[in-house]
Each structure stands twice: as structure tokens, then as C-alpha cells.
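First chain written, first letter: the chains are A, B, C and D, and each begins at residue 1.
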Amino acid sequence: SKYEYVKAFEMPDTLIPNTWIVVRVDGRSFHKFTTKHEYAKPNDDRGLNLMNRCALETSKEFTDIVLAFGESDEYSFVIRKSCNIFERRSSKISSSIVSYFTSQFVYRWKEYFGEYALQYPPTFDSRAVCYPSDQNMRDYLSWRQADTHINNMYNTCYWALVLQGGCTPKEAEQTLCGTLSDAKNEILFTRFNINYNNLPQMYRKGSVIYRKMVTEQGIDSRTNEPTTKSKKRLVIDHIDIIADKFWNDNPDLLK
Amino acid sequence: SKYEYVKAFEMPDTLIPNTWIVVRVDGRSFHKFTTKHEYAKPNDDRGLNLMNRCALETSKEFTDIVLAFGESDEYSFVIRKSCNIFERRSSKISSSIVSYFTSQFVYRWKEYFGEYALQYPPTFDSRAVCYPSDQNMRDYLSWRQADTHINNMYNTCYWALVLQGGCTPKEAEQTLCGTLSDAKNEILFTRFNINYNNLPQMYRKGSVIYRKMVTEQGIDSRTNEPTTKSKKRLVIDHIDIIADKFWNDNPDLLK
Amino acid sequence: SKYEYVKAFEMPDTLIPNTWIVVRVDGRSFHKFTTKHEYAKPNDDRGLNLMNRCALETSKEFTDIVLAFGESDEYSFVIRKSCNIFERRSSKISSSIVSYFTSQFVYRWKEYFGEYALQYPPTFDSRAVCYPSDQNMRDYLSWRQADTHINNMYNTCYWALVLQGGCTPKEAEQTLCGTLSDAKNEILFTRFNINYNNLPQMYRKGSVIYRKMVTEQGIDSRTNEPTTKSKKRLVIDHIDIIADKFWNDNPDLLK
Amino acid sequence: SKYEYVKAFEMPDTLIPNTWIVVRVDGRSFHKFTTKHEYAKPNDDRGLNLMNRCALETSKEFTDIVLAFGESDEYSFVIRKSCNIFERRSSKISSSIVSYFTSQFVYRWKEYFGEYALQYPPTFDSRAVCYPSDQNMRDYLSWRQADTHINNMYNTCYWALVLQGGCTPKEAEQTLCGTLSDAKNEILFTRFNINYNNLPQMYRKGSVIYRKMVTEQGIDSRTNEPTTKSKKRLVIDHIDIIADKFWNDNPDLLK
């Protein structure tokens, strides 16, 4: 039709080839959402597990995702450098991932929150970012995991002070203002008998989803002999991805 | 932390100021989705009404949306030129809208499909496009509404031939190949006694959501006198937006 | 060849259709360049006329340029909305214009500076910017012309104080710091007997290049009768383009 | 002023950090330019040497350029990954380089063409492209150098056929149409007694500009003893940059 010329106003938004693509989704106004839905403070297992499940399904659906890292109301999806889905068009990639993630979140809410009904439909935003080198991509993940640690330590102290220590929010804030990691550990231990390092890894390290080489025991159906075979499985781990160990243990990730 | 430098890899994606922004969302692989969920052919009222509801809620949530137009598995949201939400960052706008729309779709599925359960979570993609002039923006909408007409006429014939006319898909396709509008009208009328113009407007014109000036009757609580007052209400209409009439009747839209 | 894949790394950079394109070129480190070439202070006629000539030639070469505005070491080229040169690729447009402008500058240096030799080849940078509405484009030009006035008034005072008033640069700066237009006029008039409004228009208003309707007298070669015909000529004017008058007098510019 | 808002229409165009930036400049309509200036066919030493000189000066001026490769009317400038000039703004980098290159071209024309006057000022276009990996960047250069070979072999045959072989342009074209490298070598050798491999390296390999480690002999001013010291010098070479040798010999280039 004579109106079709308007299609030409769509601007191309291809992501540079041969770069890692990271899509990060983040809950919009989740301060309000978590309050409204009475999330446990500072970490709600139902909420975190639901996020993990959505990310797992997303990683299954978009097979170019090699690793996903999540904490709080956000998840980062690392897409392999050679990926050519949607011809690397930024908005197609970024919008499809955030839409599917959101869809899963609402779809599976009940699996994780049971009778506690979803009060209103949540929103996530998303963006796609290119990282040229493996080091840049690893530094991105280190940035998020370091952030997890910092935020969790702060939030753990804050809520201990408020919920157990009888502080007002303001007092808790002032107590923590400017304190280093050691001081926070000290507060937790001496005032609340909490050993920070014994808290669940999921809170302290966030969640890592990737295809891990696992060995599975089976029975050969012909011979009835026990068998072991190695295969890749999507797993959710709560481990350090800053140091080299994880990357050395999973060399395929950088291939 | 020393990893924070990775934030600088996020590239700005501001949309040009003083342009209409159109965000179009479109169902991913809805051929499969509608088949799997046994949508009526060619138009499923439950499906279309659910889409309309999602778009209505989206237009309520993002108040810079002045008009939305929907057909099939897609919806276009027209955002006013002076909008400054998210500082006009393309990915923030586009991802938030598609995420909220998707979220509504899953959240309200049951309201429209009742006992017919959602089989898997749907995905939509989205994009943001700038239109500099009012004419360009209107032409965009005309493009979509003309498309609605063309597709609906084709689909109506096609499914009449297949479902009522005993044609195979291939035969139906061949029958329609290259036919003009008149010929299709003729087929519908002579072979299936369908007067195309009597089909529901929603199928033929798509759906338009906008803030309409309506007069509401009331009772003055003090005097008990009947009152009329004019106010803006978000409505869903199925009307022509190609001709000038609609725009003359709703002059605020272009303000 | 097997290396051709690298071509795909070139990212498209189309400018939005139906918008005014403004390409602004600006001398790189012209503080140094004008000092080295002993430009008259604050305005050097040779330098300004050379800039004007380069812009005139550029406007001749790129026929989509409808108007150009220059001051100091910069020139802005306004390209009509419907322009499709280089398929509106930003870098092609912007680089070709700055290259041609620079080329003219060196090529014609001698015409304007005579025996005063060019000491080293100058550089200009350039950028392309889209303006959706006529008002935005006019406001862009008003921005530049208002800037011309402000800078010229300041510079005129500054150099009067330094060159005629015996001030050190620092003293001149301090004298002018925070002064308004009126105070500067006063200084010029009372201390240096300069009536600012009598300074050349080129200094105060900058230079405007456009196709002006002019009437030309001629002789009809057949009848020997005198004739007048109107035609468009590229001209360089030094007039106000902020108020409506200029635009009313030249209605074709906005067509 | 109230017009300053227009500055916000300038869209950021930062190039992704930690990627090689290649700026390629190419003569606009150099078919016409070289014809008008009677360039020798297929290769004009004056023209090529002038291009090389301009690129050398450009590489001196923009110290982030680690290597430049030229052929015909084009030059590619490879800028190191860590470069932060103009905060990596694409248009600033690309326009400044093309402007300076053009400026040099006109400025130095006489040095290379002597009495043969420049007939009109030439234009070059430019673009900036990001290459994430060393391999991508090397492949880019291989693409250009392979192109040099293909074009030069074709042009050498073509002009031998036309200028010495008495062919019309059309006949020459037909003779060469579809021929492989070997056949072209054969034509040159048997019909024109030209051994392609003996043609100047500059024609066959193009020109490479880079900082080379050279040893320079000197005299110690105190002791009058002869000395040798190694230092980096900008050089113009005509050598293969496709194979590894060049890169192994110059390991600093990839650092």
C-alpha cells in the first residue's frame, strides 16, 4: 500500500558481530513489588527460586545463552559470540528474552508462591550490551557477583538491625554508613550471632545457570550392566565465578 | 569495584526528541501458539479481547501512550512527541512495554479463556520507531489498519473455503492467489452467503484504544439534580483511523 | 575472498527520514590556528570571507543544502528533509561535507590570504544532527546566531580592553566577568567610542548562505527590449534569521 | 539561551570500548578525479606517493593510529583498542581524520605533482568500524590487501590490452571477463612480456605505514665511539600483511 514507506523509519540495530552479548533483565519497581508481596527480608527463597526457574527456562528456550547470572530482581544472560539469532538485532533479542522471562514469572508464580496470589502483573526492563573480549565478559559477571556480595552483606546487617536489633530504619542506616566488610561481619557475629559465611550460598554468591558436564549412572538396556556416561545438563549453582577456577573447570564456556 | 568499568560498554540509545514514538509488540510464533490453543479461525474473540485488554492496561500504565492499535497478534502503541519517560531510552521504553503487555497476557488469560488452560508461556517481541511528523505517524497507523483489512479479507475467504467449502489448504490458496478485493467479496457472498461488510468491525478494522471525550450522566449529590459532565475515558473502538474524520473528532490526539 | 565477512562489521547509520539534517563543521584547535596565522582580533575579514567562500562552494556542490550559517571557525549546513543523498547515511554525508569544506579551505587560502602562506594544513570536525520540525531547525539556527552575538560582543570588548585599553588578559576577563549586554555596550561606547551597532553586520550576525529570489535585468536578444526575470541565486547575507521576517520573505526554504 | 535545548538532539555515537577502530577514507568520484588529472594508468606514482604522504602525516598527527594501509584512492587507519581520543566518538574521530587527510592532500599536491595544477578540490568520505578481535582486524587488512592484488592484476591486464594491445575498452573487458589469476598472468607475459611479479611492490601489495623498530648508527658525542641504537620509526613499506610473518616481526602492533 501507499503507506508502506513508514517501514523505512525502523532503524537497524545490529549488535557488533563476534562479541559476547549480555542481556540483563531487571524488575521494574521491585521495591514496591516485593513489599506488596511481603517478600522475606532481605532474601525470599520463593522469590529467588522463581527468578532462577524463569532464567532456567529462558536458557533452555534461547539455546545461544551459555551462562546466566542472577541476584535480587535481576538476571544477566550471556550469549555466545557467534550467535546469529534474529541476525543479532538488539531489540528483537532483548525484547524476546524479557518477554519470555516475564511470561514465565507470571506463569509459574503459583509453583513458588502457592496460595499467595500475585497481586498485579510485574514488569521487567531489559537491555543488550556487547563485550568484545572474554576478559570483558568475565569482568561483567564479576561486577554483578561482587555487587551481590556487597548488597547482601549490607542488607543482611540492615535487616538484622531493624528486625532483630530494634533499630529504626534511620538508625540502621547510620550504623552501617561507611562501614567496611569486616565491621559488618563483626556486627552480625557479636550482636546477632550470625556467621555471615554460613548463610546460604545463594544469598552470598547469587545463582549461576550453565550447561555443566555431569556423569550419569544408568543401566545398559541390553546387557543390564551399569553404565556411566558424561553429558551436559543445565544446572543452577551458587558458586564463585570471579576466580579462574570456575572457568578452568568449564572450559567449554569460553569456546 | 575494579569491575565497574564494564558499565561503560552500555551504549546510549536515546530516541530523537520531538518525534512520535511507536512501540509495536508482536507475538512470537503465534501461528504455533494459536494452533496449540485452538483459536477460532480466522478470528478468535477470546484471543482478540485478551489482546485488547492487555493493551488497555498498558495504555493505563504508561500514560504517555495516546493511542494504541491492535490486530492479530500485534499491538502498536503511539507515544506522544513530548514524552520523556526513561529519558526516551529506546530499550527501556520498548522492553518495559513488552514486558508489561506479556505479563498482563498471562495474568488475565483465565479471564478470557476460562477453563481452557494456557499451555505454555507466550513471548512477544517489541521495537521502538520514531515518526517525525503527524502525517508520518498517521500513515503508520493507516499502514497497520490497511493491513488488517487485507489480511482479514484473505483469511476470511481462506477459512470459508477450507472449513465450509471443503477445499484443501492448497486449493484455497490457489483459488485466492492474485484475486482482488472485489473477487474475494464475490466468493464470500455467492459461495458462502457472507456479506463481508456485516462481519464484526473488530475483525475488519482492528481495535483502537484512546482517551475519548465522553459525557456522563450523574446526580448532583447536594441538589439531587441530574448532571452531565464531559470527561476523558480510555475506550476500545473499532473504527476507521485512516480518513480524517477520526482525527477531526479527536483533535487532542495530535496536540 | 574469505576475508569479505569483515564488511559485515560496518554498522548502518541511516538518519531518520523526513527530518532536517544539520551538518556542523568546526575548526579543530582554531585557537592555535588563528594565532599562528595572526588573524586580526576579534574578527579577521580574510578568515571569515574564506570560510564563507568554502561554505558557498559546499552549498553549490551539495544541492540538498538549503541554507548554511557560519560564524567564527564553524559552519552549519541545513539539508532539506526529503534529501536522500547517500541514502541518508550519516557518516557518508558528514564526512563528504567536511572533506569538501576542508579541501576548499586549503585550495582557496591564497585567494583570501595572498602572500601570507598557510603554515600547516587545518582540520575540521563534523557531525550530523536530525531536527524533526521546522521549529526545531529554526531554533537550531537561532541558537547559533544568538551565540554569534554573545561571543562577538564579548570578544569585541575583550580585545578593545587588551589592545586599546592597556589591560592584561586577566584584567580584561575580570572587567567583563558577569557583565550584561548593556554594560558591554557602555564600555565600548564610553571607553573606546565604539558604537557596537555600527560594527559590520558580518561580525554581529554571522553569515547566511541560501538561494534567494533575485530579479535580474537583461536584454531580450530578439527584440532588444529590456527584460526582468526572477531567479534563484546563491547569496551570502548577514541578516537576522531569528525573527519571522527572514522566513516569511523566503517561504521556499521551508517547503 | 532558550534555544539551547536543540543541543540535546545530538545523539551519542560512542564506539564500543576495547575494540580495534578502523577508519577508512576513500576518494569520492576518483574515477573522474584521476581522469581529469591525467593519472598514469593503471598506477600513477605521483598519486600513490601523495596518498602515502598524507597517510604518513595523518599517522603522525593521530598517535593512536598503529598501522595504515593504502591502495588506489583509499586508506585505512587502524587505531589501537585502548584509544580514548574524543572519548571514542565515532563522528569526531572519523571526521577529523578525513578532514586532516584531505587537507594534507591539497596542501602537498604541488610536492608530488609539481607544475601540474590541482584542477578542483577533491573530496574523501570516511567511516569508522569496530573490530573486536585481533583476528578480525587482521582479516580486515587481509581483505584490503587481497583486494589490492585482484584489482591491480585486473587493471594491469586491462590497460595493457587497451593501451598496448589496441583493444577497445569493451574488448578488453570481454577478454578478461571470468579469467582467473593464472590466465591473467599468462596474457601479461605472452602478449606484453610483462612478468607480473616484477612489477613494483607498491602496485601489487599496496602501502603499509607503521612504527618499525630500526637500528640507527650514530656517534657518541662524548667518546666519539660509533653507537647503534634501536628506535621506532614511522615507515612506509610495501609488504605482505596477510601471512603471520609481518605480525611476528612486529609483535608490538598487537599489544
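In the analysis below, a contact is a pair of C-beta atoms (placed from the backbone, for glycine too) under 8 Å apart; a residue touches a chain by one contact, two chains touch by 3 or more.
In this text, all values refer to a predicted model and were calculated from it rather than measured experimentally.
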item: Contact-richer chain pair [C-D vs A-D]; value: C-D
item: Matching chain pair for B-C (criterion: over half of the contact pairs shared, by residue number), options B-D, A-D or A-B; value: A-D
item: Rounded Å distance between subunit C and subunit D, as computed from the means of their C-alpha atoms; value: 33
item: Subunit A and subunit C: spacing of chain centres that average the CA atoms, whole Å; value: 53
item: Subunit A-subunit D separation of Cα centroids, rounded to whole Å; value: 47
item: Residue list for subunit C, restricted to those that touch at least two other chains; value: 9, 11, 16-18, 130, 136
item: Touch list for subunit D against partner subunit A, complex; value: 16-19, 130, 132-133, 136
item: List of subunit A residues in touch with subunit C within their complex; value: 8-9, 11-12, 14, 16-17
item: Residue ranges of subunit A in contact with subunit B within the complex; value: 1, 3-7, 9-11, 13, 25, 28, 57, 90-92, 94-96, 98-107, 118, 120-131, 136, 139-140, 142-143, 146-147, 150
